[in-house]
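For reference, chains read A, B, C and D in written order, and residue numbers begin at 1 within each chain.
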C-alpha cells in the first residue's frame, strides 16, 4: 500500500518544472457535475494562457492551473485542498456549490491559522451564498461572482418595472440556495413593489423530481404572472419543459437559465420564457470579447460563459504584480479594493467583504435573429437577448461583514 | 406424569383449497418412542411442520407438555422443550462441526444472545458440546466445516444438533433417509442412544427401523390417522394392511 | 477438556500486534501530509467497513443503506463537538467518537426494528429504501444536517492536554489509529461471543437457528444495532478528521462505497474488510488523481472480483496461505509465471483502450487528444493505438484461457491433497 | 375541478411509467430471485439508444429498435454475467448487477457525455391534447399513457396465453417449484431477463424525451422502482400495478397540495404540538420521500405488501 502511494505521489509531483505560480482548480471533474467543472477549467486555462502569452507576472513568471477533482463533494474538496497544500500551491479557486465553498472557507481559515507560514488564498468564482461575504466572510476568501442577493436585487428591479406583474410564484430547490433565493425575493419585492402578491412559495427536493407537471399545474392554478426560481441543471430544464407542456404563460426569472448544458436540455421550450441575470452573455459584444468568445468556442466546442473567470485571473495577476510577491497575504491586500476596467464596465473588489461589484445583464432566451441575438447557446438555435443592463453601482448592497485581517 | 408430552386435537391444515391434514388427533405420552408412518404424500412432514410451528395450523389445537402452543413461533416452541430435525440435512454449513453443536447448547444454557461472554471461556458449553460430539462419533471432525462432511456424518450431526439442546420432546424427520443398510443401522443405534429417556416422535419410511425402534406407531393416510398402536397391533391391523402395508409387512 | 484458553494466543498476538505495529509506524515511514490524510481516511474506513461486515459477512445481511449510521454518528459527533467548543458541555475531544457511536446505536435500534424481518434480497431492498429516505430528508432539516454545506466544527478546543490539541494532522492520525485499533479489537471480540456465533448460524441457516430456540429477527436486530454503533464511531472519527459533516456522509454513494470495501476485501474473513478499506481508499484517492477513468476501472475491478473471486482479496489470500501451509505454493509458481504475461497484456490493453476512449471524449477540446504514457505518446485520432490495444486484449485473453487451465489444474491438485490430508 | 383532473392525469401517467419499470423488475425478481440493480440502467440505455437511433431514423423506428437492442443486451447480460454470478449465490448476483449499473453509467458518460442530450419529443406528438380552461394536457403525455396501456395489455396476453407465460405464472406463485425445475428453465430466465430489460428500455424511450436524458437518470429512478415492488408485494404483478398507480397519483397530489404536515394532522383530528421545524414542512416538500414513507408503513403494517402472496 505504501509502495502504491509512493508511486502515485511521484506521479503527482511530476509536474513540469517551468511553471512557477500554480493555482489549484478544485471542482468536480468526475461525477454528475463533471461537465460544468470541466468547462470552468477550460475557461481558466484559456485566460491563463492569454496572461502568460502577454508576459506572465512578476516579469516573466508563468501561471499554471492544477486541476484537482473534488467529485462535487465538500468532504472530497478538503482532501483536494490538502493535496494542493502538499504540492505547495498557495492559490486555490472553486465555484461549484456553496456547500463546497463553505467547507473550503472553513478549511482555509483553519489551515492558515494553524500554518501561518503556509497560508493559502481562496478565489471563489461562482458560489453565491451571501453568507460567504457577510456573516462568514474571511480575509482569505474573494468572490468574483455576484451573490444571491445582488442578483435578486436586479430581478426585483426588473419586476418592479413591469406593472402587469401582480402575482409572483417562488419555486426552488429545498436547500440553502433555494431558501436564500426565496427569502431575498420576499424581502425585496415587499420593498420595491408592496402591491405584488406572492401566490406560492414551493420548495422541492434537489435533483429528485422527474415530472414538474404537478408543480406547473399548481402555478397555473395560482394565476401567477411571473415565476422566480434559483433552480439549476435538470431541476430548471424539467421545470421549463413542464411549463411549456402545461401551457404556462408566466416568465421564469432565473439565476442559471443559461447555465452550461441547461439551454440544451430545455431547448425550444424556453423560448421567450426564460430570463437570466449574469455578468455577461454571448450577445454582449464589446470588443475584444466577441473575438475571445468565438476563439474559445472554436477551440473547445463550448460556449464562453464565465466572464468572471477572465476578471478573476486578470485581477489576480495584477495583484501579484502590485504586491511584487506571491505571498497570499500580500496578494490579498493588493486585491482588496482593486478596480479593473473590464470590457463590460468598471469592476471592483469591495474591501469590506471581498465581494466583487460588476455590471449585471438581464437577458431573455430567444430565437437567433442575427441582430440582437447574434449567437446561440449550446447549439440550440436560441440565444440570450439583453433586456437591461444594471451598472455595478446599482448592485451594491450593504454587508454585515466584520473582516479580521491578520 | 399427567399431561402427555404432545397432544394434537383436530389439527387441520390446507394449502389454498387443498386440505393436507384433515383432522389429526394424537397423544404421545412422555418417554414414548412414537413413529408416524404412511405412504408418500400422506402429510407426515406437514404434520411435523405444524407441530414445530414451521407452518401455522388452519385449525385445531396443539399442546406441549400440557401447555397450548398453537400459533407460537418455532423458537418459542423450542424454548418450551421441543426440538426437531429435518429430512433434508439442515445444518450450518459454514460453521465448524463443534460450533454447530455449540450453537444448539448456548440458548438452553442461558447464554442466549450474550455479547459479554467470551465463547472459549464458557467451559460448560464447550464440555457439553464435546460430550455430544463424542456421543455422535464426530469428535475427530471437531474443527471441520460442517458443509464438507460426508452425508452420513451430516445426518449424525443433524441428530446431534437436535438433541444437544436437551429438549425432552424430539421430533426426527426420517433420520435414516438416503442411507445404506449399515449406515442406517448405525443411525438407529445413535437415535436410540441419544434419545434415552426422552419423548421421541419420528417419521420414517424404513419399516425395519420403525418396527425396531418405536414403542407405538401411528399410520397417517391422506391427512388422517387411521390407526395407532404397538408395532404388533399395527402389524395385525387389517385396515393398515389394506390401506398401506399390503403384503410387504407380512413378508418382512 | 482442561481450563479456559488464554485470550491472546499466538495467532491473535501476531495478527493484532502486526496491525498495531503497522498503524503506529505508518506515519514514521511516510510522513508527507497527503499520505497522512490518506492514512486517516483508511483508518476511518477500516472501522466503517468492519462494522458493515458485522452485517454482511457475519449475519448475512446485505445492506445498501449502512451509511445512514455512519452519517448519523458523524452528525452526533460534530454537534457534540460544537457544543463542547461553545462551552455548553465539557467533554474530552478524544472520547467524542463515543457520541457518534451512541447516535449510530440509537438509529440502529430504531431502524433495526423495521428492517430485520427478512435477510437476503428483501433486506437489501428495504435498506436501500430507508437509506434513500434518510438521505432525501437530510436536506429538509438543515438545523440537524446543515443543508448542502453540512455542519462544520473545530476540533481544537481549549488548551489540550500535554500538547495534544488535535490541531496537527499527525495527532488526529493517532487519535483515529487508536480508535481504529480499539474498535477492531472490540469487533473481533464480538465474533468470539455467543451472539457473534449465533449470528453466523443465522447467516448460514436462519430456519435451523430458529428451531434451536433463537429468534433470527432478534439476532439480526442486535447485530444491526451493534453494527450501527461501530459505524457511528467511524462516522465520529470522520467528523473529527474532516471537521465537517455533509449529507453525503449518509448518502447512497457512501453506502455503496462501504459495500465495495467489505466485498472486495473479502466478507468471509474478519480482516478482509480492512484490506478492502485500504485498497478502495487508495484507489479512490490515488487512482482518481492519475486518471479520470477511475470510476470505470473501479466498476470493472469490482465485477472481476464478483465473478472470479467472490471471497475477495482475503479469500484469495486465504487460499494461498492454505496452500503454503501444505507446502504446495511452489507448485503454482510456474503456472503463475506463465500467466503473468497474458494478464499484463490483458490489463495493459484494457487500460490503453479505456484511456484512449477517455482521451477522445475528454481532451478533444484541448486539441491534443493524445494519451501520454511514460516514454510513449499515443494519438487517439489515429487507428494504430486502438488496433494495438485491442489486439493486446484479445491475445491476452486467449493466452490467459490456455494458462488458466493449467492454473486451475494445479489448484485442483492442491485441493485434492488438502482434502486427503484433512481426512486422515 | 380542472386542477383535480389534470393532476389526476399527471399522476396516472407517472404511475403507468413506474409500472413499465416495475413489471420487468417484478418478473425478474419472482422468477430468478434477483433484485436487478441494473434495471434502471436498461431504462437509461433505452432513452440514449432511442436518442441515437432517432437521430438517424426518426422517433418511430427508435421506439421499436431501442427496446429490442436493450432486450438483446439484457439477454446477453443474463447469459454471460448473471448466470456466472449465480454459482456464488444471490448476493453475488445482486452485486453483479450493482457493479453493472455502475459500469453502464460510466459507459453512457463516455459515449454521450456527462451533460443531458437533446432528445426531443417528435414534432408530430408535440402540442396539447386538450385544454381545460387554462391548463393544457400535452399530447405526448397521452401518448405515454397509450404506450403504457398497450404494453400492459401485451404483457397480460403474453402471460395468460402463451406457454412461456404459463411457466412465468407458475413461478410467480411457486418460485421454489420453478427453481426446483432448475435445468429446464434457463432459457426462460434469459427470455424474462431480456424482456424485462426491453420493457425498461421502452419506458426509457418514452420517458427520456418527456423528462431529461442524462447519465443520472438511472440512479434517480432505481430506488423508486424498488419501493414500488416492495409496496406492491414481492412477486405480484397486480400489486406492482396498484403500487405504481398509488405512488404516482399520491405523489402528484401531494406536490399539488398546499397543506403543511401539521395542518393535515390537525384536520385529521390529531393533536399536534407546535413544532417550528415540522410546521414549516409542507406536503409538497415531503412528496418525493413519500414513496419511502409508504414503504416503511407497509413494512410495519402489512409486510406482505399490498397484494403480495409471500411475506417480505
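The rule we apply is simple: contacts are C-beta pairs under 8 Å (C-beta built on N, C-alpha and C of every residue); 3 or more make two chains touch, one makes a residue touch a chain.
Keep in mind the model is a prediction, meaning the values are calculated, not measured.
Taking each chain's centre as the mean of its CA atoms, B is the chain most distant from subunit D. Annotation: 74 Å between the Cα-based centres of subunit A and subunit B.
Subunit A and subunit D, compared by their mean Cα positions, are separated by 36 Å. Chain geometry summary: the mean Cα position of subunit B and that of subunit D are 47 Å apart. The geometric centre of subunit B is 43 Å away from that of subunit C, both derived from CA atoms.
Multi-chain contact residues of subunit C (touching two or more other chains) are listed as 136, 140, 295.
Residue positions of subunit D with contacts to 2 or more other chains are 113, 285, 288-289.
Touching two or more other chains at once are residues 38, 174, 205, 208 of subunit A.
Taken chain by chain, the contacts fit none of the simple shapes, being neither an open path, a ring, a star, nor a full set of pairwise contacts. Applying the touch criterion to all chain pairs gives A-C, A-D, B-C, C-D.
Residues 32-35, 38, 174, 202-205, 207-211, 213-215, 217-218, 220-221, 234, 237-238, 241, 245-247, 260-261, 264-265, 267, 380 of subunit A are the ones touching subunit D in the complex. By the touch rule above, subunit C contacts subunit B in their complex via residues 1, 3-5, 7, 189-190, 192-198, 200-201, 203-205, 207-215, 218-219, 222, 226, 422. Subunit B contributes residues 52, 54, 73-75, 78-79, 83-84, 86, 90-95, 99-100, 102-104, 106-108, 111-123, 127, 130, 144, 161, 165 to its touches with subunit C in the complex.
By the touch criterion given at the top, residues 29, 33-35, 81, 84-85, 88, 90-92, 94-96, 98-100, 102-103, 105-107, 110-111, 113, 219, 223, 226-227, 229-230, 234, 277, 281, 285-286, 288-289, 291-293, 295-296, 299-300, 303, 311-312 of subunit D touch subunit C in their complex.
Within the complex formed with subunit D, the subunit C residues making contact are 56, 62, 114-115, 117-118, 120-122, 124-126, 128-130, 132-133, 136-137, 140-141, 143, 252, 256, 259, 263, 293, 295-296, 298-300, 302-303, 306-307, 310, 357-358, 361.
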